[in-house]
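Have a look at the structure below, then the notes.
Lettered A, B, C and D in written order, each chain numbered from 1.
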């Protein structure tokens, strides 16, 4: 197994301990519940934004905690939903009179866990609501899911809600923003290789040397088709068209464009994809108001990428521009 | 080839076009010379910091251009030094009365190219000096090199010199800072897999499923030994001890600690390594004043990581803390 | 009229814990045939805590006891079973709040509420090859008996055990549509659903514990019941 | 006393361009034996520009002409050869600045300066199996002849061609320590160094162009010279 791992069962708590150790001023955590939170939150007059899902998608989710983003997050084992009690404790730890908004990626396991935790918390009079993110255009329904999957578009929901909450918006207002982003964001990904969950020790799917999985899910779920690998421009066009046609995005729209690496693809290749995607935007008369190239939602060490596009209005653009800070940083 | 590539010979210009397209406000470039520079530089009263080396190490080098970091950079083909004229044109484009400092990673090809370019520029009365970075403790001398290699420690030299130049320091002063950082920074890396240069189309070295190359160079050069893969903690200790013993770092020192991914290793694994490295710092009585976990100097899609440690003084700490901005960003 | 007391329910939970703990590896083996092989371990982890804590926890009424059990299950049971069983206990707790005795009608309503909650939680329907294929007919049968006004709780329990037992074989040929077993698609046909086996075994063991004579038919339930 | 004019040097450069362009693929093939196979192409790319531009460029003096050639080489030649040959021309340019004729002593000093520059640039020494194993003895021989006060430039050229030619076979068994060929270590033994072959071939071709009778010995130089 070509991975840096100690005991597979310690992989998640150890990487989380690393995240906490690397951000002592920003974060604190409770590793019993695989939970991380902003050290300076909750505060009474601000809606808390939380999230939690399987591990292996870093920087989503615990590494997206910070000012202007998430107030807290918890992780499950690799590719498995967090246990209900982790979700419940995370809600409780971030509970404020202004309320808690849980942003849930639309997978059955995550939904069940958060659903249960939200009800438990509500039974204790904690003000909490949840919102389901489903930006993946690849498949309408698939293994693991109930409707479309939530993938890298997740970042934009967190960013906008984080900024709105920071501005003092109410729980209902922040939920409305989550819904607006989710309605206007679309993603599709492609995998060139599989990945190896530490506890499994073997690839989660087989793929030939000249093949790619178009529309892959972030846990390796099958997508639209298994195809021969073509060149970077053709692949970009396939992903981009699937995304751009789905909403659809129209001539004159201002957009945010993301090229997200799935974990094993190096920076230079992502910029080759961005170079083509930017041209495709121009061809459709779309103005890129803001762009994102890097790793936002990975699938362990899978080689591959996804393209996400968000249709903007003045409000959303303002929220994307707002300052934010997370465990992931350069300097 | 599990890569996003069009024609292999277009790989470098296309990714650079992507970097420019993604940073229209920050950067401008001249792709004839595979060169990128800050849009707002040079200015008369500031020393320009430039760098250039082979491609495949992104974000080094062109993606490290920005306020508080490099003023300009040029790239060669994948893993090959930039041509002399690219180096020369980069110096010329950033020339200022305050001078240009070229930070050269210590490889024979890079040294020869920059050496020649610097002499050509000096012959035209451009004020320019160069400094050779050699932080890799793995081998004293190796294939491709003349003395120790320059690897991820490069980041700290750029950061400190960038901040010092921004502060208005003279060319001589900035060079002294480069030297101080270089004297106090050490790195060692490990590779779990090889990587595939697009033009070559095959791995640059063979490595068995249960093997790792300890002390690998960023072009896949052999290191200290070919060993069986052990667990993350043991690997971290091997790298860390090699780094910490070399200077040596002493009880009570304040340090900057970097865990750098080589391209194919996902974020979670880097934090597993950081978690252990932070403990090893504590055991040695080293205080981590600032930390860095992510991709700073890659080797295409190689799975692997390196550990870099810089011994700090008040001056260097101030320079690391100073604001900076590059093509690589999160938001 | 016959009522079901807090104490009876507490004893039923204790019996359930024995059943689950005893079958830890067998239930996981069954899950391994088409799923990810964690069902037995996940459930047993939670019920070991229940077995230990049950005597000590505050039991002012049935609802309070079940809510506490719901918290234990949610906290300690992983996979789909955590939310599913946790929800079952939580939804059972609501209508039994403040009560220490339940009429059969009230008991049937409590089970019905748990079943509705599980359906809402996981989106599964009758025929999706989940434990609901046992629980839904059991719940219907309870309502039927309650409507009939019967006092023969032993007969009611026997009927329920029989219905759940039948579900094991009736659903064997189906393809799973929920949970990890759904990922292997057709490969899940011809294997029994471990959730259904668990419900049938629990009911068979309740019969035994209450002196009700019932011999299970499904091979897996025979093997799993004490 | 015999002098070497700007015009002679210009013709020598032109002959060199012909040699390099004609051997584009052969020199690359030789580099491919132990190196990365780009030597012929890299060098030819630069000398094609020189061949084309040489008649037109300003030639106020030898130094100015060589500096211009240095710029062309630096701009158009990749790999190690760019800095090495570019440096050679640049360092040759400095002592010949402002001069249109060179005495043999001045010519030898010019070549010596170029050789020193190449050594400083790439860090290679005699015996590292690079073109310096031809250039260093050639440079020494030139100084020797200059010291002797000879007027027989034909004999001097013949001597130089012979020394470079010998270097091909004398270094064949060595292991390369510089450039890409050094990466294959022992594998580079038993292959000729393409840089040495190039220098020897250029000198053999200069003999021919200047009517000096010299028949090369090394197989590769025989093959490469016109």
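Note that in this section a residue touches a chain if its C-beta (ideal position, glycine included) is under 8 Å from a C-beta of that chain, and two chains touch if they have at least 3 such contacts.
Everything quoted here is computed from the prediction, not taken from an experiment.
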{"item": "Any chain in contact with chain A as well as chain D", "value": "B"}
{"item": "Chain A and chain C: spacing of chain centres that average the CA atoms, whole Å", "value": "35"}
{"item": "Whole-Å gap separating chain C and chain D, where each centre is the average of the chain's CA atoms", "value": "89"}
{"item": "Whole-Å separation of chain centres (CA-atom averages), chain B against chain C", "value": "60"}
{"item": "Inter-chain centre distance, chain A versus chain B - centres from mean C-alpha coordinates, in Å", "value": "29"}
{"item": "Shared-contact residues (touching 2 or more other chains) in chain C", "value": "none"}
{"item": "Multi-chain contact sites of chain A, meaning residues that touch two or more partners", "value": "none"}
{"item": "Pairwise touch network: line, ring, star, complete, or other", "value": "line"}
{"item": "Chains that touch, pairwise", "value": "A-B, A-C, B-D"}
{"item": "Residues of chain A defined as touching chain C within the complex", "value": "77, 80, 83-85, 88, 108-109, 112-113, 115-117, 119-120, 123, 143-144, 146"}
{"item": "Footprint of chain A on chain C - complex, ascending", "value": "67, 70-71, 74-80, 82-84, 86-87, 90, 121-123, 178, 182-183"}
{"item": "Touching residues on chain B, where the partner in the complex is chain A", "value": "1-7, 11-12, 14-19, 21-22, 55-56, 58-59, 63, 159, 192-193, 209, 229, 231-233, 235-236, 263-275, 278, 291-295, 298, 300-301, 303, 305, 320, 323-324, 326, 328-331"}
